[in-house]
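The following pair of complexes shares a single chain, chain A, combined with chain B in the former and chain C in the latter.
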Partner chain A sequence: MIDVILSTDFFFTTIRVMTPILFAALACMVFTKGGIDSIGTEGIMLSCALAGPLGSYITKSAFGGVIIAMIIGALLSCLFGYVTIYLKSEPVLAGIALNTLASGLTIFVIYYATGEKGSTQSLMSPTVANVHIPILKDIPILGAVFSGHSILTYLGIFIMIVLAFFIYRTPAGLRIRSVGENPEAAKSVGINVIKYKYMSLIIAGALCGLGGAYMSMSYVSFFSKEMIAGRGFIGMAAESMGRGTPWGVTLSALLFGAADSLAIRLQLLQLPAQLIQTIPYVITIIAIAVYSYTRSKQKKKY
Partner chain B sequence: MKKKWITMLSAVLTGAMIFGLTGCGGGEKTDDVAQGQTDNGKPSFVFVCTGQLGDKSFNDSANNGVTQIAESLGCETKVIEIGRDQTKWEPTFQDLAEEGKYDVIITNGSSSSEVIEKVSQEFPEQKFVMFDTEIEDGKYPNVYAISYKQNEGSYLAGALAALVTTSDMEYANGDKKIGFVGGSEHPIITDFLVGYIEGAKSIEPDIKVYVSYIGSWDDTAKGKETAIAQYNQGVDIIFPAAEQAGLGCVEAATEMNKYIIGVDSDQAMLFKGTDEAKANVILTSVLKEVGNSLVRMAEMEINGTVPYGAYESLGIQEGGTGIAVNEYYEKNVPEEIRTKVSEAQNKVGQGEVQITSALGEDQTKIQAIIDSVAP
Partner chain C sequence: MGNEILRMEQITKIYPNGVMANKEVNLFVNAGEIHALMGENGAGKSTLMKILFGIEPKDSGKIYFKGKEINTQSAAETIKLGIGMVHQHFMLVESLRVYENVILGMEPKKGLFTDKESAIQLVKDMAKKYNLNVDPMAKVSDLSVGVKQKVEILKVLVRGAKLLILDEPTAVLTPQETKELFEQLILLKQNGHTIIFISHKIKEVRQICDNITVLRGGRYVGTMPVADSTEEEISRFMVGRDVVLKVNKSPAKFGDVLLDVQNVSYINQENKKVLNNVSFQLKRGQILGVAGVEGNGQNELAECIFGFYKNVQGKIIFNNQNILEKSIHDIRTLGISYIPEDRIKTGVAKDVTIWENLVSDRIDSKELKQKGLLNGKKIRDMTKKLIADFAILCKNEDQQAGMLSGGNMQKVVVAREFSANPELLIANQPTRGIDVGANEFIWKKIVEQRDAGKGILLISADLNEVMELSDSILVMCDGEPAAYFENSKDITEYELGMYMLGIKKQTEQERRGA
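So, the complex of A and B:
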């Protein structure tokens, strides 16, 4: 039993499962930092998951597909921003509308593009390659766990580090945070609130684009309807569990990835499937409980 | 001011809904397959497609059946796609029944049986036919239901899987391990599983069957992940009964050089010409011949012998279920194995083999069957 769980393969899988959740969680983090509701993440990711293969089919290159997915993500995110910031509609409703729109519109578009209503499998679109890291790949254990992932996975971790720097160490990052926390105060010191809101919208939308592109161009090689399957919402959960810090968010995404990959593996041991499928949720509840407990203890000290 | 925002919001939501609905339903597209044959004394049929055509599965198979009813039996038929929005289903059936233009309303009962059970009582004169479901005998006198013995088709899949895993085929390994991936635990999926296990045991009593559930019917990525986990355990052939999510399993097989048995539609032929690598790992597919069963029903309707008020379970003998024999099956499966599979098919068709059905069976007995092949 132990060898099923404690294998390099398990850790490798965990990273693969984590990647889309990481992108979603980072997007939610940037949304939240800019003071924008992140409920539309799921729908934006789904649209981008379609934009990726279509884009790579049209441009004949995986890179083109990823860029188009990021652009579509940024555009949809800005649309959401326009509706909620400029038109001041209720963000939760607009987010739900965006998610509903995405699940219908994607089927509509693949039907017109391929004549099918389930997936884009008939389009042979280029996909993002997996890469082996020189030197690292020859190290025992570490190589088997950390080498051989999708380029997008490494990009995700790199972006996480860049974001950690950008949000906390640059003037623009500071302004995004202040706009998100208190727009009136930010405005009073002359910060262009709208500009920084749109900046976070574009960054978050592009991150959703990367997450979507990972799903349909790397994880599997095609788009299929509803393929995000709640990863956008899990990203929201990871964001709040990680308390909006880049490292916390990444660790939460990793935890969700581990829980999922554990659940897949435990089924092989003939444990009841119903019980196993609750694992990711149980882990979430435990993690949030532990976090809230330590936090409330810290507060009492002061 | 506030009113303005509300107007804006409702405009956005309406827009989204229009897109959403047309997307889901592929528009309110209707196909008039044959017209102007109402006066020939033959019954007329309308197929109400809950969901959309183009699923390359049940709905398309039913649509083919309806086309055949029009072409070879010369009956008037019509196909209406009503999308996935369940709130629209009941009114559509009520309208059709009230209009009374079609003698028989056909629909997919696995999702809409409750609606039909209700509407059929409101309109006792209208005949309804549901496929892929069962009804309580005698309770709904104007409803005929067709169910499929999926356990017979998957019995053949199990036999094939066991023959492949013990063979020296290119991607088969030495382990006597085969896999089954379900979308989620559901009586019909368990019925598939039980047939699969019994088929495999009929060939190789010591076979080990890995059973996993994806927990979703759409999550292709998780389907792929689940299949990879099984293949890593030494499984060399998987039978995924998981709709869309099963496509992920196919991709895992292609990448890892393993085998797959498709389900519901002839999946290898779907990839023909576009993705030969995938077509070549799908050795065969377990089929529910919805189209055949509807043509059979239409023939009975013309003769007035449809047993309304009851359901029929169609197996290999009635052409209601089976496995796909296509060019990839003939090319990739050695003749020796194909002969043994068709022997098994004959035995099942002639009723020489008793296959357990999970439908209505005691749960502990089912569990015992699953445990008997647990790795």
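So, the complex of A and C:
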């Protein structure tokens, strides 16, 4: 059993399945920093997962598809923002509405576009390429684990680093954090609260777009219904487990990725499939329990 | 005057609901002085400052700053002119560091990034210049209230404010912190800053202010130099009442002691001693009014008795048993009812029906149950009767409590608490913000309870209410009893004002002997 886990395949798969969770978690992180409920992440990602292949089919380029997914993500995110900030509706309800809308609307749109109800397989839309990194790819073990991933995976890690600087080192990042935590205080020093709320909505929405596009243009080469399958929600959990810091969020996403990957690998063994499929969820529960425990211990210090 | 920095002339503001918050108010402030703006709660100080800051539009009047007429529309605009405000409720982002809070909205830049080094240096320099000892790297959530206030002052100074407004800055401070604050304010004054100091503590004002402007009931009373005025004069300007309501009541017949509060002290979560050695007795058939400027421990006193806090020192004897450390449920069962200060937050559940609110304290009672389930008919009969008895204006008992007007919502609370048939009723601001009709009704009900031999502890910031309704008056100041009058008719409002504002204080013997 040990050799099932300790193989380069296992680690390669971990990074592969971690990517959409990372995008979701980063999106949730930006939502949360801006003081916006991140419950709509799942639905926005699902819509973007469809927007990607359709966009790449229309523009005949994978790049065009990714950009269109990001734009759709930002638009839906702003719609959510408009409904909750301006019209002041209950965020949880608006989020659930967005998620339900996405699962219905995507099926409607694929049927309209392709005549099929389950997937966009027939479109044969362009997909995002995997890249082998020179030098790294020739190093034993490391090459097999870290090379050959989707461009979007490398982009995700790059964006994580950029976000770390953006949120903690730039004036705009500081303002987003202040607006998210205490809008009254931000307003009292003349900060345009709405502007920074929308800035975080657009960034988070675009991140959802990348996550969705990864699923349908890289993880597999087409959109199929309900393909996000809870990754948006796992992203929320990763955000909270990673305490909202870019590194913490990334590590949490990696942990969830490893759990998923483990479940995939263990299917090779003669174990009941149902049991194996529970692994990611069991690990989620354990991780959140550990997180809450350390957090409550921290609070008691005061 | 030649060196006038701020001139607010004939400011009038009437809120859409008809409340006249400011009527022809003047405020003239000289450059380089500490100017006190005084008045009781509701005197119109906050409104006047909101108008200055452009947060509330004024209906008429003119504002001049440094000789030029200004008409700002937002706080940000006003700050740019060089006017800064330290709010009573701090405007700080708790999870950020001190320097981040200070530079928020005016961050120095180095390329794309915030210039952290120069931001920290800026905070350090300012802190040193004005002797405001704070660590720029500390997280705001780890700071004490006093230090948070320093951060707020720094924030205002860094933005180049020449005129600083401090809204009741000492209300949240310990005596030690207050002393430190005053030293800093004097240093600011020496550096050429002008300060408007909002307060109702005469002693503090006399300590550091040059001139005083007094407001009362939204009107301008006058401005005078501190040096030429006595505490008594200021107090007379501040305190006064318009008798709007009178109460009809027979002379009180006091019975035996019902509630005996002995040496109660309480330190709140901000580590401030809000109650200091409070002792008094309340008898059956007595309405004991607790007077005081808000924030002098009256609310905490009520909440202590009703079991809101842990770690209260002293004894609270009710009917010969110590009720300290008992749960609210036990205290209710023993026969104490409570009308809380804030009907919307603690008085009612806004989103549920009137009948649900009315039974919320007694759903365990056998009378309302049948075979373990609630008996709908009995509940409806009871609530219908209460709605009729207490003249609650509503469609029916199924209406949401939150849909009612303030006065009727308060009647729901009063109906529930009175019908619990308590021996002691604690009424904390029972008539705040309600219409005259409901006010009169609630007073009448309170007097009825007294005549039935119940004890009533009335806490009110409304001087008229305390003086009219109470049989006896306890005055609280700074968390301590300042005076006690067995007969409320023995004291005039001016005298009461002096005890409330801490100018006079009875000795323990005087309080006991009275």
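Just so we're on the same page, the second predicted complex is superposed on the first by the 291 of 302 C-alpha atoms of A that agree within 3 Å, B and C clash if a C-alpha of one lies under 4 Å from a C-alpha of the other, contacts with A are read in each partner's own complex, and residues count from 1 in each chain.
Going forward, contacts are C-beta pairs under 8 Å (C-beta built on N, C-alpha and C of every residue); 3 or more make two chains touch, one makes a residue touch a chain.
All of these numbers come straight from a predicted model, not from anything done at the bench.
Applying the stated contact rule after C-alpha superposition, one finds that A:190 touches chain C and leaves chain B untouched.
Of the two partner chains, chain C is the only one that A:171 touches; chain B does not reach it. In the superposition on chain A, A:292 contacts neither chain B nor chain C.
If you count the residues of chain A touched by chain B and by chain C, you find the higher number for B. Touch criterion met: A:105 reaches chain B, while chain C stays clear of it. Taken in their complex, chain B has these residues touching chain A: 5, 8-9, 12-13, 15-17, 19-24, 26, 52-56, 185, 210-213, 215-216, 218-222, 224-226, 228-230, 232-233, 244, 247-248, 251, 270-271, 274-275, 278, 371, 374-375.
Per the touch definition, chain A reaches chain C in the complex via residues 165, 169-171, 174-175, 177-178, 181-182, 184-191. Considering their complex, residues 4, 9, 13, 16-17, 20, 83, 87-90, 93-94, 97-98, 100-101, 103-108, 111, 115-119, 121-122, 124, 215, 219-222, 224-227, 229, 260-261, 264-265, 267-268, 270, 273-274, 277 of chain A touch chain B.
Within the complex formed with chain A, the chain C residues making contact are 74-77, 79-80, 87, 90-96, 100-101, 103-107, 109, 112-114, 116, 155, 159.
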